[in-house]
Amino acid sequence: MRPLLEKKIPLALVFIIGIIMTLQYFVPHPISQTIYDNSLMWNRAIASMAYIMAVVSFLRFHSRRLKDKNYAPYSLVAILSFAAMALIGFIGGTGSDSLFQKMYNNMMVPLQATTFSLLAFYMSSAAYRAFRIRGVEATVLMITAFIIIFGTTTIGNYVPKMNEIVEWIMAVPNLASKRGIMIGVGLGVVATSIKIILGIERNWVGG
Amino acid sequence: MSVRDFFIKLSKIDRKYIYLVILIGLIIPLIFPPRFPQKMSPQVKRVFEYIDTLPKGSYVILSADYDPSVAPEVHPMYKAVVKHCILRGVIPIGMTLGVQGAGLALDAFTEAERVLEARRDTDYVFLGYQAGGAVVILGLGEDIKSVYKTDYFGTKTTDIYALKPVKNYRDIALVISFSGSALPATWAVYAYTKYGVKVAAAVTGVSAGDFYPYIQAGQFIGMLAGMKAAAEYEDAVNRILKEKGIGKFSTSAIRMMDANSIGQLLIILFIIIGNIGYFLSRRRK
Amino acid sequence: MHISTNLWIWIQALLTLAIFTFLYKDNPLFRMAEHLFVGLATGYGLVVVYKNAFYPNVWVPLFQEKQFIFIIPFVLGLLYLTSAFPKISYMIRWPMAVLLGIGSGLSIPLTIQTYIIEQSKSSILRPPYPDLISWINALILFVGVVSVLVYFYFSIPHDRPGVKQISKVGLFLLMLGFGASFGYTVMARFSLLVGRLDFLLNKWLGIRPF
């Protein structure tokens, strides 16, 4: 009974729904259109409840860490801030003048933006200490990078034809390389989707 | 100490000194901005001119698919495009496929209300977040009001005055996806390929190179890439504001781009110094 | 210099500086700020998802408009709660299966069209071109795309004559592409830092640009 519930039913669902959704693209009949419209509606409904998983795993993880005295203060901060934000949002509303929006603008935005701004320091350190021109390929990479870095500065506007050179590099050789990668990615996406539908790709049901 | 030893030692300097140089290098132009002039690049021009020449009363979907981690680059673009649309009588419909984009998009529309006295549900509409990603994009092609039954503020979309003539992508002149990830590609796959609606991308510098194939294939009409594009667009919108006698300019991206330019030149210098030290130390061996 | 007296600006500034302390080394202040962010983000997401997605898409149709067909996605969505109970957590695979099936099925024809057909069409040589530059660009594009695809085709050994040379051209173009991406990445990373510094100098310390 367990293998049926754990693996066979989900795999069967993916197979049936996947085949129907692939075929409906090619069928212009009104029934096909109804299936399409209803599946989009149901998808939105189910996807809107997927956040439950995020909240459950967040609460489980941090409530377990409350027992560890090294991590307890931090996890307490996480749980309390979660509760505060949620309560303020549900009770006080989410309009532009609400406390909820003020907390978003003045706490969440700076915290996240600053965390990612640290990358500028690490990139500078890496550029100084680790980027070494060790061969032909690295030389090509660096020369192109220098042209683009300089060309994307406002000082680059003063150099005649700089904008055009940058645009040419991006629109011709860069485009060729990215398109080759893209076609490969497209083939990979299609292959993986087919494998999921046919049940060959089973990592999501535990292998 | 010889010149060679100096460069070898310099290339192995502690990283805290590198951080300090970067900090000083960025703070100085923020306090004493060089005020380099902006020159619109071809991709930015395409998007700008497309919106600029839309007939009054056209609709543009602005999807804020980004979060605070890329806000310094993408948020000024979003704010500038919202203002541009309203100034030209085009109605922007704000939405987002990512939870955190809702707060940022709301901030942009609030600024438009303050600067341009824009009226919600008349001059702009803000639909907010919807779960489902690609499925939402597909749903908008059938019926926008069934995907978004209410806007961000809880008003029924069937009651919103500005949305009355709009049913689906056939009534939308352009979709712009503002993103720090590959979501503009998702718009190309699901909105452009299936429904033929015009799409543009407004992205961070990191993903700019990846979207050129879409532009050349005609799947995007143009692209705003990175802070440089944000500064150029902001500058262009400031000129329209000046034309209309509205003095509330935004110069955040323009100012930051000047400092950014100095930082970028520092990186070139760092790579050169690091490699001089490397080659000199190799020769010694 | 006019230091701000706005409480929210001070909160922003202190949180920004707390994160910056990580540049020296990992410390309790940074960890507190990090955990504060995680909690705030989860709470924020819960409110926005409930108000904008769950309430209009599930609650209203099912409980107010009495469209009882919505009981099926509602029950499937509730199965996500089973992730809290290890013995029955396998049930989250059922709603995942529905979403995967719909997503995979929808993506196949559209991905083939967007990523393969349209991109291949745009790479093919289609003379005549108006001038020499357009010819050269079209040739570089065509040769480039083919050589990059050959480079990534690992089913044939790359030391074969012909394949070796073509994949070398592909590698050269890939390095050009990565160099271009790196160039833009430098601008992107600095933008984030400049954004925060601009806030600290301008809004918090009140140091206006001269």
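As written, the chains take the letters A, B and C, and residue 1 is the first residue of each chain.
Everything that follows uses one rule, which is that a residue touches a chain if its C-beta (ideal position, glycine included) is under 8 Å from a C-beta of that chain, and two chains touch if they have at least 3 such contacts.
Values in this document were obtained by computation on a predicted structure and should not be read as measured data.
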Which two chains share the largest set of C-beta contact pairs: A-C
Chain whose Cα centroid lies nearest the overall Cα centroid: C
Longest centre-to-centre distance from subunit B, chain (CA-based): A
Inter-centroid spacing, subunit C versus subunit B (mean Cα positions, whole Å): 14
Centroid spacing, where centroids are CA-atom means, of subunit A and subunit C in whole angstrom: 4
Junction residues of subunit A - those touching two or more other chains: 40-41, 43-44, 47-48, 50-51, 94, 104-105, 108, 110-113, 115-117, 120-121, 123, 127, 142, 146, 149, 152, 170-171, 174-175, 178-179, 182
Per-residue overlap in subunit B, given as positions that touch at least 2 other chains: 19, 22, 69-72, 100, 103, 130-132, 135, 138, 152, 205, 208-210, 213, 216, 226, 228, 260, 263-264, 267
Residues of subunit C engaged with two or more neighbouring chains: 23, 41, 44-45, 48-49, 51, 53-54, 57, 102-103, 106-107, 110-111, 114-115, 119, 122, 141, 177, 180-181, 184-187, 189-190, 192-193, 195-196
Interfacial residue positions of subunit B with respect to subunit A in the complex: 11-13, 15, 18-19, 22, 36-39, 41-43, 67-72, 100, 103-104, 106-107, 109-110, 130-133, 135-136, 138-139, 142, 146-147, 152-153, 205, 208-210, 212-213, 215-216, 226, 228, 231, 257-258, 260-261, 263-268, 270-271, 273-275, 278
Interface residues, subunit B side, partner subunit C - complex: 16, 19, 22-23, 26-27, 30-33, 69-73, 99-100, 102-103, 128-132, 134-135, 138, 148-150, 152, 154, 185, 188-190, 192-194, 204-206, 208-210, 213, 216-219, 225-228, 252, 255-256, 259-260, 263-264, 267
Subunit C - residues contacting subunit B, complex: 23-24, 41, 44-45, 48-49, 51-54, 56-57, 60, 102-103, 106-107, 110-111, 113-115, 118-119, 121-122, 141, 177, 180-181, 184-198, 201-202, 207, 209-210
Residues of subunit A touching subunit C in the complex: 5-6, 9-11, 13-22, 24-26, 39-58, 60, 73-75, 77-86, 89-90, 94, 100, 102-108, 110-121, 123, 127, 137-138, 140-149, 151-152, 168-187, 189-190, 193-194, 196-197, 204-206
Residues of subunit A defined as touching subunit B within the complex: 36-37, 40-41, 43-44, 47-48, 50-51, 94-96, 101, 104-105, 108-113, 115-117, 120-121, 123-125, 127-133, 142, 146, 149-150, 152-158, 163, 166-167, 170-171, 174-175, 178-179, 182
